[in-house]
Amino acid sequence: MAQLVIRNLSKKFHIHNKEITALDNINLSINEGTFVTIVGKSGCGKTTLLKILCGLEEKTYGEITTNCKNIGIVFQEPRLMPWLTVEENMQFSLLERNHEQKYLVEKYLKLLDLYSFKDAYPSQISGGMAQRVSLGRTLCYNPDIILMDEPLGALDAFNRRKLQKEIIDLFLREKKTIIFVTHDVEEATFLGQRIVALDQGRMIKDISNNLEYIRKINDIDFLNIKEEILNAILRDVQG
Amino acid sequence: MAQLVIRNLSKKFHIHNKEITALDNINLSINEGTFVTIVGKSGCGKTTLLKILCGLEEKTYGEITTNCKNIGIVFQEPRLMPWLTVEENMQFSLLERNHEQKYLVEKYLKLLDLYSFKDAYPSQISGGMAQRVSLGRTLCYNPDIILMDEPLGALDAFNRRKLQKEIIDLFLREKKTIIFVTHDVEEATFLGQRIVALDQGRMIKDISNNLEYIRKINDIDFLNIKEEILNAILRDVQG
Amino acid sequence: MKKVKGFIVPAIIFCIWWRGSELGLWNAYIIPHPMKVVNAFVILFKKGILFKHVTVSLYRALLGFTISFIFAFLLAISLSFSKNLLELLERILDFMRHIPPMALIPVLILWFGIGEMSKLAVIILATFFPIFLNTLSGIMCCDQKLIEVGKVFGFSKFHIYIKIIFPQAIPSIMVGARLGFGYSWRALIGAEIIAASSGLGYMILDAEQLSRPDIIIVGIFTIGILGSTMDYILFKCTNWFLHWEKQEQRGGENWLS
Amino acid sequence: MKKVKGFIVPAIIFCIWWRGSELGLWNAYIIPHPMKVVNAFVILFKKGILFKHVTVSLYRALLGFTISFIFAFLLAISLSFSKNLLELLERILDFMRHIPPMALIPVLILWFGIGEMSKLAVIILATFFPIFLNTLSGIMCCDQKLIEVGKVFGFSKFHIYIKIIFPQAIPSIMVGARLGFGYSWRALIGAEIIAASSGLGYMILDAEQLSRPDIIIVGIFTIGILGSTMDYILFKCTNWFLHWEKQEQRGGENWLS
Amino acid sequence: NRTNEETSASSVQSQVETINISYVTAPLNVPSIIEKNENLFEKEFGDIKINFPEITQGSKMTEAIATEDLDFCNALGGTSAIIGKVNGVDLKIVGIYSRAPKGFTIMTNDKNIQSVKDLKGKKIAGPKGTILHQLLIAAGNEANVSINDMKFIQMDIGNGVSSMMSGNVDAALVAGPAVIKAQEGGAHILRNGEGLLDATIVIGVRAGFLKEHPDLVEKYMHVHENALKIMEENEEKMVKMVAEETGVSVEEVKAMYPWYDFNPMITEKDIKELEKTQDFLFDNDMIPEKIELKTLLIEK
């Protein structure tokens, strides 16, 4: 059974009386425990889609049904609380602090290479670190569906690959539904079991990717899938 | 003659009495009209270096000499004024508004694909757009030395390649000195005439790249240089 | 609709007042029957007395407010410029902030005489600090990251203030100004203790001495209604002028308007 | 060093006062010689009169401030919760904001008698609005993006207030509280007009009636110095309690302290 | 009306628990100071608790009478009593507190002003609608200077003296210890009330209280008379007490004391004085109508 069904979803914004169609008739039905990646160019509506899914933005039209309440999101910007340390930011979502959760926070601090900065304030850490803290904060929240809005955007290749693998691990271990937004087609192909390409608010591609984790980026199947998505987006650019 | 000379530059921070060496004895001398890229992992000190160069951060030790006053920086975060529209943000640095400058702003608005959003407020545009506005703002300022702190971080591959080419064009046309920070080795190799690799605050590589613009990323020379930098950084990780 | 809502509570209070007076629930000497107050109002209005008092008080309050605003604003800017000046003046300012202006009236008379100046001084003493402290705090709490943008663009301090700090500090400054304006009105009574022969404060003081609660209540209503109307007009204009609606984009809301 | 700097200006003023009095530059009836004031202080102090007045006033001001703070804070929160309530109350609050508490004294006597209650009411009327408006504006101008973080984590309104809105609104609330505390002190005179037989305001009023400028000046100094000291202590404590130093990380500075 | 009767009927039965007596020391209210310091009321009234709220302004006292927060005004200016009564405060005069024509003065700090005549065209500060105001008008009439030829500026005594001393007004209306202080500061007296008016200050009681507890009112007057007796018997000690309480030196108290006639009996002359006061208030538009003064006095 599908855990999350999106039907005919549309979203229009108004900027100075000019109408902007950020999302245009999106139809998606996502099963529990799927890793979906959404890829598209800047301004194509990726963030808007995630915001509507987690209830931060009103939809203009359409229907969303889900059977789970706990949806977490990693925002595109870190959005850390400037008055809290890295550690306090990580445990921000946890209202009680028991042993288990302390352990969780510590685990992610180490995993995200932040342990030695746990007492630093957001203004004292680098851009990439901040993004990792933001990722860790949502992981600590431990939601049923995790929405991620370019969480690895500010990271260098090494950290990026390392965290991609960690996210796959997390996915395989906990069988969470993950919706991962990125502008990087390779990243989308590397991570997603299902890859959705957006352009100007429309879904232009929705393919599944059954390659086994951890994927090899020079594998011919991998390159094929990547190529297919790329072409879809590029065609749209030309057409 | 070198336009910018950095000698024995060090920078230490204190977080809760713990000393952090963000920059460790950096020596660089950059000639006028050079395109330098600085590459390194998250937290290696790239942003700190740029901030010291443009005078926003005090150095702990060392010397910086330069013969030009006009140093502009594109920050890692967009840092747009929330109360100004995209267009107003673009012309933020311009205190008078004559014909020439109006033309400049318009040019960059179009170049950065922002023209149809010129009346939008920062809260109404996507993450990638915001980064482009921030880039455009500094370009309108038209400084002698341009420092760029991962300006293309939030952009998708297409926009990214397009803007990389625009930056090269700008460089070739106006012969500005550009210091470009990125965590993407390919980007660094694609852009830089000289590539500096940092790790944990130390310079671990400083090579020149005389390939002609526009470079081909599958070219063997290109791949060699990329490999060399990658290895330097990787070696450091293992060693 | 929204406008109407604001008058529900005053209407209820009025009804209670009326009924209560009819039923003699309270002392008619202190809170007279509404009709008596209306009568007093009509008489004062017809004779032009009320109008005279209103113009004088309006003039005093607005002038006092304007002077306070200018001084407080300039002082806040100077202190945010120079840490030295801040340290030099903070003790004495903090001292001044706690002194009741009423206690200073003899000194004010000595310095400024019994003319308009000393009345203005009382108003300024009451108005100055909310504007000053809110402006200072607005400037001080400004986002450092945005200031850095200005620094890199080689902005002069002047331009950093104009283009970055003020737009951010406006909500704070507005709170200060509105508070200050409220205190200007309130200070009328204190100010018009000093040898006044007109003004709403004088009218109230005089009515008190002559035990005329109806006139006191006319005075209270005139001050209250006029004050909140002035406040409304003044700040609608300012908002319009400052394109305040842009603030909404930041999630800030304009309270009480 | 920094501490010393703040006392330079007061010291200069004192010197001018002394010299001016010796040279008879001004009327000794209104500004008596410092020695006369010191004498009056010594007498009041030795007899324990000053101490009695100080305790009474301190008690009144602190109690009035505390009550105002609680009410203003709760009201600001309620209004930020419910737009309906805001629209219902804004007119009447704005009206109240412009009324001089002194003009309301007869009404206060009617409602609260001539005991402590009506004195507290005057103090509360003077103290309430800075706290209320600054708190409301602090809450309203809060960064929407950070609130969204809380919403996504399924925080209740309560937790959003506690964990996101208040930490951000603290600079505003502090400005309001400090302003409010200043007005509490200032209001002592107005409050102690009502049938008081002790308190610093009473002492000044009484001295005024007995034409004792030396005692008036002792009163002014006591109010001023005590007020700024209390303010200093109170907010050092609060800052410490709130780990205020964290605010520095945001570029906010703690003014006047 | 019926409700009023009911409440009064029920409170007749109820025991009085507290009595509120205003405490005013200025200008030189010797009996009050003695009564309070010697606990005379406490001794007389036994179990009943006595409060001495310090309400000094006449208009505030009548307000407090109206709200029943005050039962007795120990010293209420004749003007305030009349203004209050005209405007509907239920108040009765049970006795005269003092007559002190010499205690109420017009003062100036200007050497060139030697008589009331010189006040023509000058600025004079003082409290409007009070005995002092009445004094100014009466003195003006005597010297053929109309109030319209003087610039009268409304101010309380303290601020008036400050204005005079700082040269912002030419003369001020002064009473009580401020007279002495101003003299020390260099000012001189132009005219006091002698021969112009009696400066009648009265003892007021809430009419409701009088109606319910005439016995307590009688006791009050008894204490008052007692205080006067104590004053005469122990003058040295009492003068010292007064000096302490008012912050005036012993010599000054001794100098001022004879100015005051504290005889509480209401004489025909006093009633005439009050009539004069009422005329003054009416002629100067400070009361809208006149009342029958008898309604203000306690019926014998």
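Labels for the chains are A, B, C, D and E, by order of writing; each one numbers its residues from 1.
The rule is short, and it goes like this: contacts are C-beta pairs under 8 Å (C-beta built on N, C-alpha and C of every residue); 3 or more make two chains touch, one makes a residue touch a chain.
All of these numbers come straight from a predicted model, not from anything done at the bench.
Listing every chain that touches chain B and chain D alike gives A, C. Looking at contact counts per chain pair, the maximum sits at C-D. Look at the contact of chain A with chain B and you find the same residues on each copy: over half of the numbers used there are shared. Centre to centre, using the average C-alpha position, chain A and chain B are separated by 26 Å.
Centre-to-centre, using mean CA coordinates, chain D is 36 Å away from chain E.
Here the spacing of chain B and chain C, counted between their Cα centres, is 50 Å.
Of all residues in chain E, those touching 2 or more other chains are 63, 67, 158, 162, 166, listed in ascending order.
Residues of chain A in contact with at least two other chains: 77, 124. Contact with two or more other chains is made by residues 27, 30, 106, 109-110, 145, 208, 213, 250 of chain C. If you check each pair of chains against the touch rule, the ones that pass are A-B, A-D, B-C, C-D, C-E, D-E.
By the touch criterion given at the top, residues 145-146, 148-149, 151-155, 159, 163-164, 167-168, 246-247, 249-250 of chain D touch chain A in their complex. The touching residues of chain D, counted against chain E in their complex, run 27-30, 105-106, 109-110, 113-114, 193-197, 202, 206-212, 215.
Across the complex, chain E meets chain D through its residues 20, 22-23, 26, 52-57, 60, 63-64, 67, 69-70, 157-158, 161-162, 165-167, 176-178, 181-182, 184-186, 246-248. Residues 13, 15-16, 18, 40-43, 46-47, 76-77, 116-117, 119-120, 124-129, 132, 150, 153-159, 183-185, 233-234, 237 of chain A are the ones that touch chain B when the two sit in their complex.
Across the complex, chain C meets chain D through its residues 2, 5-10, 13, 26-27, 30-31, 79, 84, 86-104, 106-107, 109-110, 129-130, 133-134, 136-137, 140-145, 147, 171-172, 174-175, 178-179, 182, 185-190, 201, 204, 208, 213, 216, 219-220, 223-228, 231-232, 250-253, 255-257.
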